[in-house]
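Here the structure comes first, spelled out in structure tokens, and everything after it is commentary.
Letters A, B, C, D, E and F mark the chains as written, and numbering starts fresh at 1 in each.
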Amino acid sequence: EDQDKGDVWLPSLVTETPQEGFELAIKLSRMGVKSTQSDKEVLFREREKYAQNGEALIHASEVIAVHFQTVAAANNYWK
Amino acid sequence: EDQDKGDVWLPSLVTETPQEGFELAIKLSRMGVKSTQSDKEVLFREREKYAQNGEALIHASEVIAVHFQTVAAANNYWK
Amino acid sequence: EDQDKGDVWLPSLVTETPQEGFELAIKLSRMGVKSTQSDKEVLFREREKYAQNGEALIHASEVIAVHFQTVAAANNYWK
Amino acid sequence: EDQDKGDVWLPSLVTETPQEGFELAIKLSRMGVKSTQSDKEVLFREREKYAQNGEALIHASEVIAVHFQTVAAANNYWK
Amino acid sequence: EDQDKGDVWLPSLVTETPQEGFELAIKLSRMGVKSTQSDKEVLFREREKYAQNGEALIHASEVIAVHFQTVAAANNYWK
Amino acid sequence: EDQDKGDVWLPSLVTETPQEGFELAIKLSRMGVKSTQSDKEVLFREREKYAQNGEALIHASEVIAVHFQTVAAANNYWK
């Protein structure tokens, strides 16, 4: 737990490519979930459940979309 | 699976036309879903289900709308 | 179907007036729904259902709001 | 109906004050709902229902918030 | 009621501090709810209910987040 | 309670690093929840419940994502 707090997991929003930016958006979404529920067992159990549910999958995709807006802006859209 | 990871599926956010940008937004939405559930059988089963459900369709349309904001900004709104 | 794919339905995000921009936002919302469910019979059936449901109507209005942000920005807010 | 289509209800996004901008955001939210369900009887019935439901009220407030972002940007935040 | 309509409750989006900006975002969220349901008795009853419900609380927090984006931009992020 | 009102909990949106910005986004999400339900006992009870629910966790992550957009913009994306 303490170690987690000390970890640097987000040194920068800059990525080489749009695709790496999308991967970062996925990571940010998951870290948001983890910030509310840090118990890995519960996380895995719930992820298993909502990954079987179409509407939850759409919602998960929406969170990624919001973070991807941020990451894309941070990278000036990789232009 | 490994091959999927190596695939470049998002080389750029730039598109020729707004309509191609909209297609890219649809792709980004789907890749977001896929990042949470990579099992194609489950994906097809769930897509089949939520495609029959009006509220889920609206939610899917919302995710596309969020990604379309990003793609449109990346293309300076095709002006 | 093929014809649909070839159709240019989004040549530009530019509109003459804010109100036409709002109409375009409605169209974009519907095209997002259609991209997930292209079967017109299912679309009409589901639209009939959610048009009778207050919460679904609010959700539909939300998707239009997100697209209207994009269209308004593309038109520099018609200033 | 025809008359509705011809009506100019959104001549501009510019308002004198932030508060009038908020009123415009409310109007945009309602026009979004109306675009999906134009039957006034159904609209009144459903509005009556969701106005009695806390979660639906929060959702309605969210749509207003998204439109208010657009209107505020259009007015350069009334600065 | 009439008096409410005449009230100036949003003279400006400018605040002294980020925290006052957050308070304004809360106010905007509530005014959005009130615009759909002006009956104070119903509002209090529903607020009482959704304040006891975790998911509704998250949704209320989301509306505040959207308004806070607007207020923060209006204040150039208090930089 | 009074003390809470007097507390300065948001002196600035500026953070040293993206990761601290993410922590601030989490804090803003929680303060949004707290603004609707200030009773700590209810808050803890409800947090306990929604932390066990995958869909609520995704929704909580979404609110963080919206606030992170604001914080990231305030920090010019830490560039």
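Simple rule for what comes next: a residue touches a chain if its C-beta (ideal position, glycine included) is under 8 Å from a C-beta of that chain, and two chains touch if they have at least 3 such contacts.
These figures come from a predicted structure and were not determined experimentally.
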Starting at chain B, fewest touch steps before arriving at chain E: 3
Chain D to chain E, fewest steps along touching chains: 1
Same or different residue numbers at the chain C/chain D copy interface, by half rule: different
Far-end chain from chain D, centres as C-alpha averages: A
Interchain centroid distance [CA atoms averaged], chain A/chain B, Å: 16
Between chain C and chain A, distance of the C-alpha-averaged centres to the nearest whole Å: 28
Residues of chain B engaged with two or more neighbouring chains: 47, 50, 53, 55, 59-60, 62, 66, 69, 73
Category of the chain touch graph - line, ring, star, complete, other: ring
Direction chain F, origin chain E - full chain order round the ring: E, F, A, B, C, D
Contact set on chain D toward chain C in their complex: 8-14, 28-33, 35-37, 42, 46-47, 49-50, 53, 55-56, 59-60, 62-63, 66-67, 69-70, 73-74
Complex contact set, residues of chain B against chain C: 17-19, 22, 26, 47, 50-55, 57-62, 64-66, 68-69, 72-73, 77-79
